[in-house]
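Down below are the structures I want you to see.
Each of the next two complexes has chain A plus one more chain, namely chain B in the first and chain C in the second.
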Partner chain A sequence: MKRLFLYRLAVVAGAIALLEIFCLTGVIDKITMQPPHLIARDLYRLLASGRMNGAIWKTSTNTLLALVLALGVGVVAAALLHRLRALRDTLDPLFATYYAVPVFAFYPFFIVVFGLGDLPQILIAFMLGVVAMIVNTLNGLDRVPPVLLKTGRIMRLTPIDTALRLTLPAAGPYILTGVKLAVAYAFIGIIGSEFILSRGGIGYEINFAYNNFDNATMYPLIVLILLASIAINTVLTRWEKTLLARRGAR
Partner chain B sequence: MTTQVALSNVGKTFPASPTTAALHALGPIDLELQRGEFFAVVGPSGCGKSTLLEIIAGLTPATQGSVEFEGRRIAGEAPDSIGVVFQEDASLPWLDVTENVAFGLRRSKLAKDERDARVRDALRLVGLSDFATSYPAQLSGGMRQRVCIARTLVMQPRLILLDEPFGALDQQTRLLMGDELLLMWRATGATVFLITHALDEATMLADRIGVMSARPGRLIDVVETNWPRERDSRIVERSEFGAITARLWKTLREESLKTIGRAVPKPAADA
Partner chain C sequence: MSERRRHGGRNALLLVAALFALWQAIYWAVGDIALSSPLATLRYTAQLVTGEDFRMHLSDTMRAFAIAFVLSVVIGLLVGFWLGFDRLSGDALEPMIVTVYAIPKLTLYPILLLAFGLGLSAKVAFGVLHGTIPIILFTLGAVRNTRPILLKTAHVLKLSRPQMVRWILFPAAIPEIFTGLRVGFSLTLIGSLLAEMFASQRGLGYLLMNGIGLHNIELVMSVTLLIVVFAAAVSTLLLQVDRKLHRKG
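This part shows the complex of A and B:
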């Protein structure tokens, strides 16, 4: 476990070192990319200057908002769908094909309807995440052992208690898989829509820097996004591991 | 003695599905359980024992006849004060042992002290005091089953239904669990309805033993053991023990042969 982590670290460090060498020796020219140590320096300066605080704040709050919406709506919708067999049978094939729909294609439509503010961006991110939540939560609910449902009936739990205290916790690991996907989708949705048409946010800033050949801003911001998503994923994976370890191999 | 559970003419037929024909699984059965007695049920596998338990527990409705619990008709809803320990592991893997045992008390109006005391007592009774903060995954199958027994006990049910709770355990552990079950039965004063496939277990534990026929399961014999209330696994040393177990086996042999699809041998073979 610890050794594996060290190997992983070595691979990443090696890749960065290689990039550094390529940049310094001119294999990768200066206009394409700065060497990693300069990117790190620029990132530090960018953060210290506070110039990006507004963009960081906007992107993270919007992502969080879309994520919370996707989680809440996703879990509730899944719990309801699980009880409404007929509705679920109708929607199941739609969920299966949902990922084939390029949600971003709706972005212009959203802008027409909801205006140029943050709302269309949050909606895009929400739409990407919520289906992952629904599908995974339903999957988990399907696998709740019947004996647990019988136990709930013997204990005379109300439908809401049954969901909150029995079936949703039982589906926990599957829901967490949904959360991990929803986090990724929320990020993609927000930053992607900021790229396309927006007046702020990290995606917008990256696009702006790109259009102005401002590598000293663009690369540090890309790295910032990378670091943020790695950090979040690490935390979630840790959490998942403790959860699964507690439950054993069952 | 007062009657606690009264089954009259109870039967169950599972309706046909697109892939299966309708199945007459159980009955008709007439049976009365007396308050505080220990009643065991034995029968060939698939004869409807679990179905019978679920009907008494109100988990599934009978398709024929009537079931009364303490004078009230049961119709497809679990009555208060009935506890069930299922054959499958029903421990909750995301809760530790204490939380598992306290699960049914969460919404009760008991004071916290009283709740904690009940959980502690139940854990002591099933011998899991040292595992209060363990998670089910860290326990053996038998210990998990005891968690479920403790979870049932804290609710202080007046009727406890157990469906082959020790099915997966080895013989020695089963005998010891039987002793614990007898202790609980005496300590709680509850009525116990135990399904088992082990004839010696039924003989050792029960006041009365119902023997069921092959499917559709009916009661073909009810045997009284006449054991004293104060008893434990040493009862197997008594001469009556062998006689009762032999009688159960004699009744069951034909039925069991039916379920494994073998012709019943001619009586001459018994001589």
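This part shows the complex of A and C:
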């Protein structure tokens, strides 16, 4: 475990050091990229100045909104589809090819329909996230051991009790996998659509800084997004692992 | 088996019909300003596809996509086999690669643009950034999960590393690797298109953004339709092959 950690640390530290050396010696010129220590300094200044608070707030709330929608609709849709075998079979080709279709290609179309506001972005993020949630929840529901449900019937549990005490805990780890993917997709959806065309948010600010050759803003913001998504993903992966371990699945 | 396939075909047809019906229904609800009807879109698409301009955009996208996919496959297989063999590196790097998979890679695109300049190479690099990761992950998994008896046989036969890859690992891993290629194919396509949407003078992604700029709804919908149909069709085809390979294995 410790060796793995050291290995990873060495890879990350090595990459940063290499960039630092390249930038300082001029292999990567100043217009292309600033050395990492300057990026870190700029990031600190940018956050301390509060100039980006509005953009950060906008991106976070939109992501959260899309995520909540994706999770809610995803779980309910999966629960329904689990009952309706025929509908599920019909939708199966859709789920199988869904992530092969560039959902972002719909973004221009949504802008035309809904105007250039928050709604198209939230819709894109929702569309990206919801199918991952449905597919993984279905997968979880399929794997609930029948003996549990039989036990529930013997104990005469109400449907709500069955769902809360049996189905949900049993399907939990798989649902969490869906949540993890949905979080990543929601974030990608919001940032991506902000980036392509929008009026605000971190993605927009990065694009704006890029168009103005403002590297002192662009790189820190990119790093901020990388750090945020890595942090969220790491926390969720940890949680997923502990859930799986408790189930003795691995 | 054939019955199952017939079911699959029927489901797919039903689904396409349902989607078209939905589209028509939305059109009736929203009207001409924001949406063009399925029929009008198809007519416009037919007209678009035969145009000279379109061929240029299409060939540009396809060239970037093809180069990106070839590079993704080569890099993905090499790194995947390396990480599959080297236990320590694999254990250490796999979670990191999974994490990279989850970040919004579009934010990295300005860096690629600055590094590669506006043009084909930036598009290719962006496609590769998307496409390699699944290929690495699936190859890594396949190499690791090779049945131990096969490895023992290789030892008994005193095969060298390259021989072992060529005659044992590669054939055993083909179904899994193919899954990786399938996912990598789709993601490379998505990556190349996204790159064009953000900054490019040519290609289908550019055509889409141009459509918004001109408020040409029919153009936007036609290009979206073409992209979706192409991606879905290829993906369905690859999925069929994938399932067949896995059944055999």
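By our rule, the second predicted complex is superposed on the first by the 245 of 250 C-alpha atoms of A that agree within 3 Å, B and C clash if a C-alpha of one lies under 4 Å from a C-alpha of the other, contacts with A are read in each partner's own complex, and residues count from 1 in each chain.
Note that a contact is a pair of C-beta atoms (placed from the backbone, for glycine too) under 8 Å apart; a residue touches a chain by one contact, two chains touch by 3 or more.
On a predicted model such as this, the values are computed, not experimentally measured, just so you know.
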Notebook entry, point to check: Aligned on chain A, chain B and chain C: do they clash or fit?
Noted result: fit
Note to self: In the superposed model, which partner reaches more residues of chain A, chain B or chain C?
What the structure shows: C
Next item on the list: Check the residue A:Gly50 against both partner chains and state whether it touches chain B (first), chain C (second), both, or neither.
Entry: neither
Item checked: chain A-centred angle between chain C and chain B, computed on Cα centres after superposition, in steps of 10 ° -> 100
Note to self: A:Ala184 in the overlay: touching chain B, chain C, both, or neither? Say first, second, both or neither.
What the structure shows: second
Next item on the list: Check whether A:Gly26 is in contact with chain B, with chain C, with both or with neither, and answer first, second, both or neither.
Entry: neither
Margin query: Going by the contact rule set out at the top, does A:Met155 touch chain B (first), chain C (second), both, or neither?
Written below: first
Next item on the list: Report for A:Gly203: first if it touches chain B alone, second if chain C alone, otherwise both or neither.
Entry: second
Check: chain B to chain C: minimum CA distance in the overlay, Å?
Finding: 12
Item checked: On chain A, the residue positions that both chain B and chain C contact, one per complex -> none
Margin query: Could you list, by residue number, the parts of chain A that touch chain C in their complex?
Written below: 3-4, 7-8, 11, 31-33, 89-94, 96-97, 99-102, 104-106, 108-109, 111-113, 184, 187-188, 191-192, 195-197, 203, 206-207, 210, 218-219, 221-222, 225-226, 229-230, 233-234, 237
Check: chain A touches which residues of chain B in the complex?
Finding: 54, 57-59, 78, 80, 82-84, 86, 88-90, 92-94, 103-104, 106-107, 135-138, 155
Check: In their complex, what parts of chain A are in touch with chain B?
Finding: 145, 147-148, 150-151, 153-156, 161, 165-166, 169-170, 172, 243, 246-250
Checklist line | Interfacial residue positions of chain C with respect to chain A in the complex | finding: 7-8, 11-12, 14-15, 18, 30, 34-35, 88-89, 91-93, 95-96, 98-99, 101-111, 113-115, 183, 185-186, 189-190, 193-194, 197-198, 208-209, 211-212, 215, 217, 220-221, 223-224, 227-228, 231-232, 234-236, 239
